[in-house]
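Structures are listed in the sections that come next.
Presented sequentially are two complexes of chain A, the first with chain B as partner and the second with chain C.
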Partner chain A sequence: MTKLHSSNAGTFAKMSDNADSPTESQKDDPPTQQPPTEDSGLVDEKKKIDVLLKAVGDTPIMKTKKWTVERGRTVHSLSQFISRFLKLEPSEQLFIYVNQSFAPSPDQEVGVLFESFGSDGKLVLHYCKSQAWG
Partner chain B sequence: MADDKDVLRDVWFGRIPTCFTLYQDEVTEREAEPFYLLLPRVSYLTLVTDKVKKHFLRIMKQEDVEEMWFEYEGLPLKWHYPIGVLFDLHASNTALPWSVTVHFKTFPERDLLHCPTNSVIEAHFMSGIKEADALKHKGQVINDMQKKDHKQLWMGLQNDKFDQFWAMNRKLMEYPTEEGGFRYIPFRIYQAMSDRPFIQRLFRPVSADGVAHTLGDLLKEMCPSAIPQDDLRSLRKRASSTVLRKTKGALALTIIQDKSKTVR
Partner chain C sequence: MSDDTDSTAASCYLDEKTFRLSCGLFLEHSSFLNDGWAWEEVNGSEKEGYMKKTVMVPCRISSTPCQSNQSRLVDGDDALLEEEQLCDQDEAVGEPTAAEGQAAVRYEYHVLYSCSYQIPVLYFRASTLEGRSLSLEEVWNNVHPNYQQRLLQGPWDTITQQEHPLLGQPFFMLHPCRTEEFMRPALETARAERKGVNYILTWLSVVGPVVGLDVPLSYALAVGPPAPKAEATTAASTASASASTSGPD
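Presenting the complex of A and B:
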């Protein structure tokens, strides 16, 4: 059963902060992950944002598409989460896109992407096993 | 804006004199001499340091060489940040030349992205251009450009060709006159003492009343602590200098703040 985030009428699953798999080692932690600070001046803002994941081409579709993610989570961390969820081979790459146009840097925080490119209260991200939009 | 050719040229041709020194623990066959290079502010470390690699590889065995990476005073330098941002953020208050240490071992996986080929740099660069255009024009201008136009942008940067670059970039810097500006201004504010990589939020070039926003307006809204204020009571001094760089259709602001300790 997927965990449901309490503030979202049960539609967005909570993405675990830690490794999805019990065998994940420290080495898998994303580079330069920086969680946001309390006193960033945005005290009313939620610490988490809603993400909708969409598959591109023949990439497997995730059974759970809607996730609630910590703002400070990086694109790399999200990419690893999706790869593990889809049980991709270590050799298989995963590309993440915003606006169906650009691939954000792996160390980019999802919270920042949400601020600039979120709509209807969520950030839509497309993922693909091959380069979809160059 | 594209009429300020002098400003554009000054930004493009900005250089940082740098001294590259091999890390002392690297294994060499002979004494390593430092290597001096003028680094373009608008480019990326891994794109402009082939000569540095060649220089040090001459005195090293192949088995002692892995992916090259750079460090300044113990801090790994992120190649995917523009060189000018790296310098302004970490070394702007120090004497020139900028002293950078070169490593060929123990790549810091947690701090740096790998950069095996130039196509990785190109992909990163183009993604930045697309992200900026998504903010400026909803991506319409970059999407209407052909693949060869995108290539020209990249080649212009790679080969340090101002005219080649701006022939394409000027399209990305245009906006309908009736709008008064882009949809949103693509900016990132980097701060020397911060736990976040940078500040990036939506910001319109014109206020609701139709008045053009200034840099000061942007800072006031996004980073109010960057604006110097004298606080005589606590004897706390803040010196802040803002280095403005307008390049590739996006604004990278590096804010250097120096807060001395409060005397009680």
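Presenting the complex of A and C:
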């Protein structure tokens, strides 16, 4: 298992290109900050995809649901982001589903998911939190 | 689920017949991919069987066992470390770099049906190329970073050692108690959009990566639920035979 996620750290929402430095912290921007990125038409459209996040179950809904994400970002990285955003407890596991009912591998790149499951120019991902095991 | 003859429409559980049929559909695609899954019958019984697969997995087998407070996360996202919820994870870099990716471990996965839980359960065993069985700690260490944090909250709640119910040999098992918790959202979401779900596929896609088992993306597109009239729909010869099926015991 490689450290794919280490290079995907950093800013998420606006998806700046210098998302390599981990310390370029997200600043935990509250969702009220920048509007979601409808303007995905701008920056390197090809390198980024639109993702729509939908909560399921008792999982809190993110105020910002639509994000522009680099294709190379992994599911794991995305999961970390959402978990952080939602301030999940350490005992809570976040699950992400594509096509409603399939959990992609954590190492899967969202760009690949978009190619297979994207429609109307976006990739819809469902997410839920759970205590999961035990 | 499309199999409304059972209570699965309302519950997140799985009856044995649907288990077999769902496995059958799963195995069809596996056969197409030639990725190694097979159906094993027990005692020549058509009713009792499980899915099985053996694979070589690169992993981190370090001399540092999983401590209760030590994180094995290798996440380089320092931003996360600023969050209090990760106060235990200061040791973001706990990887034996030299050994990482070098060692290959043989994982053998079994997908069994649990009558008592009415759900599938994942058993597995792991050994080095030299034939040494991995310890529980090594198995924990090998859990994907995506699940490490949760794992550390209760390792024994997650992966434990159990006797294989059919083989009677020591295996590891991914604890099934809360299967319903992560299955429910997926099942309900799919139902809400009038989509059938292959329980085994959904379940395995969630639990597999936790223990190094990859379920390729193509399964998501290729494998559907058993047909509503889930009799001898013969999804695959392996899953057929519901002649005497009268549901679970």
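By definition in this document, the second predicted complex is superposed on the first by the 86 of 134 C-alpha atoms of A that agree within 3 Å, B and C clash if a C-alpha of one lies under 4 Å from a C-alpha of the other, contacts with A are read in each partner's own complex, and residues count from 1 in each chain.
One rule holds in what follows: contacts are C-beta pairs under 8 Å (C-beta built on N, C-alpha and C of every residue); 3 or more make two chains touch, one makes a residue touch a chain.
Treat the numbers as computed from the prediction; the structure is a model and nothing was measured.
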Contacts of A:Ser119 with chain B and chain C, given as first, second, both or neither: neither
Contact breadth on chain A, by residue count: chain C or chain B: C
First, second, both or neither for A:Val56, with chain B first and chain C second: second
Partner chain in contact with A:Ser91 - chain B first, chain C second, else both or neither: second
Chain B versus chain C as contact partner of A:Ser79, first or second or both or neither: second
First (chain B), second (chain C), both or neither touched by A:Ala103: both
Contacts on chain A seen with chain B and repeated with chain C across the two complexes: 98-99, 101-107, 112, 116-117, 134
Of all residues in chain A, those that touch chain C in their complex: 1-3, 5-10, 22-26, 28, 56-57, 59, 75-77, 79-80, 84, 87-93, 95, 97-108, 112-113, 116-117, 126, 128, 130-134
List of chain B residues in touch with chain A within their complex: 78, 80, 109-113, 123-124, 126-128, 130-131, 134-135, 139, 142-143, 150, 184, 195-198, 200-202, 224
Residue ranges of chain A touching chain B (in the complex, touch as defined): 27, 29, 31-32, 34, 36-37, 40-41, 98-99, 101-107, 109, 112, 115-117, 134
Chain A-touching residues of chain C, taken from the complex the two chains share: 58-60, 74-80, 82-83, 85-86, 88, 95, 101, 144-147, 149-154, 157-158, 174-175, 177-178, 181-182, 184-190, 193, 195, 197-198, 201-202, 205-206, 209, 212, 214-215, 217, 219-221
